[in-house]
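Two complexes follow with subunit A in common, the first pairing it with subunit B and the second with subunit C.
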Partner chain A sequence: MVEARGLKEPKVRIIMLRGRMEPQINYFLMEKVSKEKIEAGLEVLQALKDSKLITQLNSCVHCGLCADTCLYYLTTGDERLIPARKVDIVASIYKRYCTFTGKIAPKLVNARDLDDETIREMVDLLYGACTMCGRCVKHCSIGVDIEYVIRAGREMLARMDYVPASLQATVNSALESGNNMAISDEDFLDTIEWMEEEMQDELDDTNASIPINQPGKDVLYTLNPREPKFFPLSIAAMAKVFHAAGESWTLSTNMYDVTNYAYFSGNPDHGRVIAQRMFDEMSKMEAKKLVLAECGHGIRANRWEGPNYIGEKFPETITSVELIADYIKGGRIKTDKNKTEAIVTLHDPCNLVRSGGIVNEQRYILNHTVKNFVEMTPHGTDNFCCGGGGGQLAMSEYNERRLKIAEIKAEQIRKTGAKIVATPCHNCVDQLSQINVTYKLNVQIKTIAEIVADALVF
Partner chain B sequence: MDWIYWVLLAAVAICFVSFTYHFIRLVRLGRPRDLSRKAGNTGPAIVYSFTSAMSPANKESAFMHLPTYTAGIIFHIATFVSLATLVLILADVPLSHVFRMLLVSTAFAGSVSGLAILVKRIVDKKLRTLSNPDDYISNLLVTVFQLLTGLALLFDSLYPAYLLLTALLFLYMPVGKLKHIIYFFAARYHLGFFYGWRNVWPPR
Partner chain C sequence: MPTIEIEGRVFEVDGDGFLTQPDIWNKEVATLIGRYDGIEEMTDKHWAVVNIIRENFEEKGMAPMIRVICKKTGLKLREIYELFPLGPARGACRVAGLPKPDGCV
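Right after this comes the complex of A and B.
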């Protein structure tokens, strides 16, 4: 099916051998890297579109101060996992092939050949040891956009067909079926119908509906496929909010998936296909604005990267968090904060907050919907990633490491004394749910829409 | 003695040409063309990137490592002061005793800081595994440059050694990480632009 669409299956399978308890993973690449693949990888470093990449590749001074900002180093103490090492492996290839010093005296500047050993290390460090949370970027003493370098490194690996099989499978599902969980239209419509009935029963209002494929509405709403697959009540929660606000909105069966895992795999061609679908559906449905569901990377992939993937400006695109905050500010919905008395804390999704500038809206909402809201330490743009970002939740190869790095988030939550953790990201909900079990936190994990739905006053 | 000046002049010229190339390349390539709708103001964010964002209050790498941060700041200030001193010396500008002692103190403080950073790089396993020969050479060259700047201001006999070391430094600058004298500014510009575009900086 993938090849039928002109896309290549990854030819190299990566087998994991886990010999130790600590999160170190070794790989065997079963094929020797070909000259063509090396050229394809190097193309990323050689075809410069602007000055940003060469700036990052020439800036790191190896001060090592980024180490203490990174989940991976903090929880494992493994020097290999320092963010600067991840920058260095990409920079070392750049130096080897694109700089005078690296060509004539590679050892002086640690310039490395792009060979099997380097690729093996790149896969482990860039896919398996980075959530692309960008925390190191904000605190880098120079200001190196480390995450940008990680993306460039992943793009190199994607062009060479070294994307971890599980992550590529998620991308392929989206390319083939229109959503990353390969949910059929029939199953999707069944779920929506079921949620609509639930909502009508709960509100005792037959006018409460979940509109599907209705062109000309004000809002085209999106979903994370985890919602119809595992958490359908979150669809009902947002539908309740829309109903309370009297919003003119619709879902589309053709394209509702807010995610774009090609952003994590690093393949811009795949990213473009998925982003273009969202753009086309928006045009087809003639909606005034695209509202992105609670999904950190989905918001980034559409709001910020989407236009750059397709080379065209998107129509007005906002997040559901901004929309709900506006509903409350404008009096379009009424909430009673006394309905939730338990202590609630907030987990800030990295892509929404640190890389998306949505910092205050979710706090405004919680201050109007729960009685006891407490912040984690640190929070906002300094918050720690939950550990599920960067495609980690889609890469089963790194499960053990992913749960290990979650120690920090577990401790942050524990210290708040909260009974409910709210987060505007379904990816984070998944990881936090696993943290909840692994670290025995005994908390509830909720999306912002679920919190708001609980507080609605009709 | 004249030949040393010529060597130094040649080294400065090579360094200047190389850095000019890097600078022009950066300018010609320009910043990324972002088609997403801008949410914030890039101008104030770029200013913030070069100012408050660098302060220990806003940067973990600074406030969690205050001794290293302080040493780094002194080291870099002393580097620029030493470069300015070189210009004053070559231009034969008369220096008052107080001003001369101020330059000497700054240069010595910088070299002590540079030495401390070098020792840390050697002793700290985390830094050692991260470092390549260029990291040590660059650190050592700048540290010795500062030291000789101070000594040459005190002892005329060290003047030839000072000029030769300075020539070596200028020749080495385009080779390795000392290029960050240019790329640092580009990196902070890009960071400010990125966060400003997305309304992350300046913080609200």
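Right after this comes the complex of A and C.
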């Protein structure tokens, strides 16, 4: 059929952006910004209670060290994309509206009006050219929390209703349906049942189960909705690990979504609604602890930011990576590292590792589950982002940039000679899978649970 | 609006290369997008997956669960991942002419 249509020699050409790395036109920016919107945006800077933000906005000494830490600058050489420039744009608005000199002689202190041009540039730099990986923060000569400023800038834009449409769609989906892929309860339960059957067949054990909606268990487990929707093998893998450990656990139909995309959009009201749901579900299910699935930002948005969103302490909240490491240490599960002989490397999700403090657990696990584990360079808290963080994976608007900045991760993986890349983050899994095809790496991408499930000895 | 040009035909797409006007989709468009993604020839198995995704989209406005795709095609999960190198979301849904699904895909 293909030949009959004369398609034997495909001529494929893609024209995504006009010119290299030029910002795309956001259609919602065509309207002139209203006075009300400007006021809503400025509230973030004028709320004097946030002294941390004001300090960060006044501290950059423009030493330039952050330039060489950032994927965007390293892969494009575009000076506009240097992290300090992203801090600058927020600081320039602060100066214009919140400082004496900025108010009377803005040009003197490089203060800028919050007008259409500034907003357009903010959207492009803060949403479109930052994965919120925080690598620049680690290398900043005076310790400016650049990522914190990016978040404040995104919050301003969110309050003014300038969140890129594709990112907002994911937030809306979560707000409206209870999970970010709008999966119905019926579909969810059907998939869980399917994975339970697969696991029972594989283990030849009808007692292996995926408990649903059972209150009073030790562990309330969570998922990234992409697991039930498109990639459910990781659910069966984690269920196998729980089964091997004899864990008392459950999933909840009502709230299993570990993500909180409002952390990326910057809208704190949306973030609060989603965080509150997780908190309420914990109380309702009377579980001893909440175990967060392999999801970098989800771990951050629940464990570290959850209490900030809702103004209340979360009950015991840990990651599945920590839990699995404990199972191995305590002898609750047995693993045979010789089952996987291929070279395995590890990608560190920024929100879990650099910003979350979980560095050694995933290494401990790999050292007990695969025979040949090799590190990337650099790794751990100095890792490079995969390029899909900060909501980039959801934002079609900046797809070309996202794949361009992934050059660095592709090269890091290639140099390890690995055949398998393990990573404890579903978002990273998806970006790495795309990198794998784009940069022809010919590797397999796996979650930690999948690696562990393969190594289990019963 | 970004565009994608395959075999001299130009389609309007989002930044990820998903059709912005799903209505213009037909089998020829699917074949072209498939080739663009490295699927040299759409086999019966490819079509089975794509048709189910398309039917679900036309009926419910979204991509089906991978569970539904497996059930209705009788294909194994891993087979679907192999058929579409970019996976069910970025691969199969794109060939089926859907808008990009929300979330971490």
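To be clear about the criterion, the second predicted complex is superposed on the first by the 429 of 458 C-alpha atoms of A that agree within 3 Å, B and C clash if a C-alpha of one lies under 4 Å from a C-alpha of the other, contacts with A are read in each partner's own complex, and residues count from 1 in each chain.
Just so it is clear, a contact is a pair of C-beta atoms (placed from the backbone, for glycine too) under 8 Å apart; a residue touches a chain by one contact, two chains touch by 3 or more.
Treat the numbers as computed from the prediction; the structure is a model and nothing was measured.
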**Asked** Touch check for A:51: first (subunit B), second (subunit C), both, or neither?
**Response** first
Margin query: For A:194, using the defined touch cut-off, is the partner it touches subunit B, subunit C, both, or neither? Pick first, second, both or neither.
Written below: second
Which partner does A:230 contact after superposing on A: first (subunit B), second (subunit C), both, neither? second
- prompt: Taking the superposition as given, does A:410 touch the first partner, subunit B, the second, subunit C, both, or neither?
  reply: neither
### Message
Quick check on the superposed pair: does A:145 touch subunit B, subunit C, both, or neither? Answer first, second, both or neither.
### Response
first
Quiz item: Is A:445 touching the first partner subunit B, the second partner subunit C, both, or neither of them?
Solution: neither
Overlap of subunit B and subunit C contacts on subunit A, residues none
Contacts from subunit A onto subunit C in the complex sit at residues 1-2, 5, 7, 10-17, 24, 166, 169-170, 173, 180-183, 187, 190-191, 194, 224-226, 228-233, 259, 295, 393-400, 426-427, 430, 433-434, 437
Within the complex, subunit A is touched by subunit B residues 22, 25-27, 29-37, 39-40, 49, 53, 59-62, 64-65, 68-69, 72, 124-127, 129-135, 137, 175-177, 179-180, 183-184, 186-188, 190-191, 194-195, 198-200, 203-204
Subunit A contacts subunit B in the complex at 48-52, 54-56, 58-69, 79-80, 82, 84-85, 88, 101, 107-110, 137-145, 303-308, 311-314, 316-317, 354-357, 359-360, 381-382
Listed in rising order, subunit C residues that touch subunit A in their complex are 2-8, 14-18, 28, 31-32, 35-36, 38, 40-42, 62-63, 65-68, 70, 77, 85-90, 100-105
